[in-house]
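What follows is a pair of complexes built around subunit A, which joins subunit B in one and subunit C in the other.
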Partner chain A sequence: MAPLEPYEKVQIDTDFLDEDEDVHGQVSCEKCHGGNPESNDYKTAHEGVVRDPTYPDPSKACGECHAMDDEGGHPGITGKNKTNPHVTLAPFKNKIYLRADSDPCVRDKIEDAMGTNCSACHSSCGQCHVSRPESVGGGFIDGHLFQKTPPVETNCTSCHGSRVGQEFHGENEGIPADVHHTEHEMACKACHTGDEMHGSGMSKEPFDRYEVANRAKCEDCHKMAGSEKTEADKQGKDLVHPDHAIHQGKVSCQVCHSMPYKNCYSCHVGKNELGAPYFETAPSKMDFKIGLRSKTTEDRPEKYVTVRHVPVSPGLFDFYVKDALTNMDKAPTWKFATPHNIQLKTPQNETCLACHGNNKLFLTKNDAESWEVKANEDVFVPLKPAPSVRHNWLEQPELHLKKVDCLICHNPALQSPIKDCQQCHAVDSILLTTAEKTPEYSLTNWSFTNKELVEKGNYVVGSNRIPALDVIGILLVLLTLVGCLIHGGLRFISRRRK
Partner chain B sequence: MPEKLYLHPITERAWHWIHAILVIVLLLSGVQIHWPNSVNFFGSFPNAISTHNWAGILLVCDFFLWLLYNLISRRVSHYILRKEDIHPGMIVQAKFYAYDIFKNRPHPYAQAEDNKFNPLQKATYFSFMFFMMPLLLLSGILYLCPSCFSSLISFVGGLKVVATFHYIMAVIFAAFFVAHIYLATTGHTVFADFIAMVTGYADKEEH
Partner chain C sequence: MRNVLKPLVIFGAVFIFILSYSATVVSAEESGCVSCHTSMKKLLQITRDIEASKPKVEKPTESKGEG
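Presenting the complex of A and B:
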């Protein structure tokens, strides 16, 4: 995001005063920002002026027009401010306090540290709809004109830029942009509605940001093929691939459809010699890890999800207080994540075996520092033996895994996988896509039975044979036997005549 | 009491009967594997496959032990055709099986401790044990572990070629097996050669 010139940050556009352009321009300045318009003195005129009258409490500046409560007594747009995670940063703070030492003195110092270093990353009504967030330098979006939908670049990705923004726009080297961006030019709002942004429908602050009501879900647009759709359903591509029926409810969409994403490690906050807050992190890593989600919910039941390392470390607040986070084990450092670099085809969904048995995709103890092993115990995926080992009841498991489509045996329409070899190794093999008749045994039939399989490069014993060779083989053995019997018979007769 | 010849040392007899059992097991399991819809000797298709594989591996070991034994002990000479075996030996022996045997004439070539096979036996055993058997075993080994020999299998035309070749060789061995058992009855008595292959001793024939 390009920095603004100082005048750009504060200069009010004359259009703001045009009622047709922005009704807010009809409200006098002091009504929202305070100050004394009657005074001609600079100091007294600016007494009580606030730069952002919507933070922390927007009720005075916005509440008169934008109801605190609606007619049903539920929070209105302004009333939602109390549970709006963009304002409260509650999910972030909750995780810190979960890890914090129980000593009240330590907690006070953590609160100080967070107030200095972390809490600046909040937003407010004004810092989304009028100006850029203060944490990124502030400045009007467009000459104080109110924006119903905050622009992506100046407001959304100015905060959510280093991970989500870069993923979505394809700014990570070698990783393509999200297909929703490249193919459909969708902006954040296409999925993340105002209700989600404002924390609508929450009776209390969400503990975790994924607990926000009305949050975006892939299923809002992408329905299983053939499922009933309501008018509210948006128009995304139907889920026609049979893999969806197998994995739905078990594996999050991102596990199959996202690319490697940024993981952050270790953060230390402090103040420099001038008293200005700073933070330091270890270099981030592009990685892709599948972990377990221990707390599944009805609307998000998937157990296998993508997880991202968050930049927390035991020494986060060491500048302010030593041993502040003595309960690091209470929250995982590999967190459920929804990377924003969705692709239809990814390396891990190329084939079944690109994921199943590909142990490097799964989060294990080896991916964690010793201090975070316990914290992530519920996230680590217990590795299963390699597919060739799990299929070692088959003769030549490697060959079967290489040649046979997994879905032939692991047919989603069946309750359990097929384990009867003769389903495939038979005249009427289930590997066939075309109906075959019983082989015609004749000396003229020199083509393989079920030749569809052979033509695909798969010789299937018991299913493929050459009828003419079978006839010749049986005749050869029978004629030998008959020859021996005749010879033996003649010997017997000649001996009797002796 | 006819004079006895010690034709088959214990190692050869042990090898022979192990070889015979393995060949029978391989033929039966092979038939089930080839026609799984029509034949069931071993209970199930996987059983037949597993039995065939293990018997095949044992046969490979059995073959190499036989080869090593015969080379080291120089008893391989029993299988080598001499000049006179080729002409007139093979024709004389063929004439015996085709005509003289019905006239109850004696075997044209008497067994001896240093020359226990007749010319046709030598020619047949030599070609089967030194050419056909290695080819059968080689195709079986490729068939057993196609992942290990994928480039060689591709070179010869794929698994379908290997499998077809293995089948053809198996059919030839099945026919040989039938003929071999029958010809074992053509000793000076019907059971003489069977007894010799159990005891090691054969009656010395007068010519």
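Presenting the complex of A and C:
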């Protein structure tokens, strides 16, 4: 995002004054911003000017027109603002205070540190709909014309850039952009509606940002095939692949469909000699980890989810106060995440075994520093034995795993997987997709029965046979028996003669 | 008839008087702020003056990593 020149930040487009272009231009400047419009001197004219009249309380500037509750009983602008995480930063602060020492003096210093270093990253009505956020230097988006939908580049990714923005736009080396961006040119608002952005419908502040009402859900567009759909739902493709029926409700969509994403480590904040705030983080790492979600909800029942390392560290506030975060165990440092680099095909969904048994995809103690092991205990995935070990009741488990499609036995339509060998190793094998007529047993029939399986490169004992070889085998056995009988008979006769 | 018209005329006169003197909404266009904030030339000069008068605060060079 190109920075604005100082004059550009405050230059009003004359279109703003046109009632047809923007009704807000019909309100006098000083009504919202204060100051003295009578003065010709910029210094006295700006005395008492409020740069952003919508922060922290927009009820005066916006509330006169936008305060009414809607028909659904959702609070208007004023009510929404109190529970809007973009304004309050409550979910972020909650997590910090969960880890903070209980000493009130320490908490005061943390409050001070966050006020200096962290809390500038908030937004407001004005900093989304009129100007760029203050934290990125401010400046009008478009000459003070109000934007119903904030632009992605100047507003959404100016704050959510280094993770979400880069993932979505494919700016991480070797990782493609999100398919919703490349194939459908979807912008943030396609999934993240105004209701979600404003935190509407919340009776109290959400503790976690994923508790926000009306948040984006993949299922809003992507329904299971055959499920009831609204007109809006028809935008997304149906989930026809049988894997969805198996994993639905157990595994989050991102586990199968997201690519490696950014993880941040070891943030420290402070102030330099001039009092300017600064931060330091360790280099970020691109990684992909599946962890457990200990607190599943009706809304999010999936136990296996993608988790991202957050930059918090025990020494985060050391500059302000030592040992501020003495309760690091209270919140995991590998946090539930919804990476924004969705692909239809990913390395982990290429085959079942690309994920099942691929231990490096799962978060374990080995991925954590010693100080964060306890905090993440509920997130670590207990590793299961390798698939070949779990299938060792089969003859030649490795061969079965290599040659047989998992879904043959782990059929989503069945309550439990098939364990009866006869289901495959028989003339009417379930591996067949075509009903072949059983060929005649004759010395002239030299072709395989159930050729379909052989053509796929699989020879299935009991299902594949060459009838001519069967007949020859039986004949050989019979001839051997006859030979034995003749030989025995002749020996018996010759002995009696002697 | 006169008795009926008289209060109506008085009411009308008072209504017009109040209307003409009541505070009307002042649009941004009529505000003194607009003459400067729509003029690039004026803004360039003023912002240059402001930048020059402000103590030079350098962005902290201590920041490292991604925010």
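Here, the second predicted complex is superposed on the first by the 467 of 498 C-alpha atoms of A that agree within 3 Å, B and C clash if a C-alpha of one lies under 4 Å from a C-alpha of the other, contacts with A are read in each partner's own complex, and residues count from 1 in each chain.
Just so it is clear, a contact is a pair of C-beta atoms (placed from the backbone, for glycine too) under 8 Å apart; a residue touches a chain by one contact, two chains touch by 3 or more.
Nothing here was measured: the structure is a model prediction, and the numbers come from that model.
On the superposed subunit A, the positions of subunit B and subunit C stay apart, so the two partners fit side by side. The superposition places the C-alpha centres of subunit B and subunit C at an angle of 170 degrees about the C-alpha centre of subunit A, rounded in steps of 10.
Legend: residue contacts after superposition of the two complexes on their common chain; A:Val10 is shown touching subunit C, with no touch to subunit B.
Looking at the shared chain after the overlay, A:Tyr42 reaches subunit C, while subunit B stays out of its contact range. In the superposed model, A:Val477 makes contact with subunit B only, not with subunit C.
Touch criterion met: A:Ser28 reaches subunit C, while subunit B stays clear of it.
Of the two partner chains placed by the overlay, only subunit B lies in contact with A:Arg465; subunit C stays clear of it. Of the two partner chains placed by superposition, A:Pro382 touches none, neither subunit B nor subunit C. Legend: residue contacts after superposition of the two complexes on their common chain; A:Gly226 is shown touching neither subunit B nor subunit C. Superposition on chain A places subunit B within reach of subunit C only down to 48 Å, the least C-alpha distance between them.
The residues of subunit B lying in touch with subunit A in their complex are 33-37, 44-46, 49-50, 53, 97, 101-104, 145-147, 158-160, 163-164, 167-168, 171-172, 174-175, 178-179, 182, 185-186.
Subunit A contributes residues 393, 395-396, 398-399, 402, 421-422, 425-427, 448, 454, 457, 459, 461-462, 464-466, 469-470, 472-473, 476-477, 480-481, 483-484, 487-488, 490-491, 494-495, 498 to its touches with subunit B in the complex.
Those residues of subunit A that touch subunit C in the complex are listed here as 5-7, 10-14, 16-17, 25-31, 33, 35, 37-40, 42, 45, 144, 162, 262, 264, 267, 270, 272, 274, 276-284. Put simply, subunit C touches subunit A in their complex at residues 25-34, 36-38, 40, 43-44, 46-48, 50-51, 57-67.
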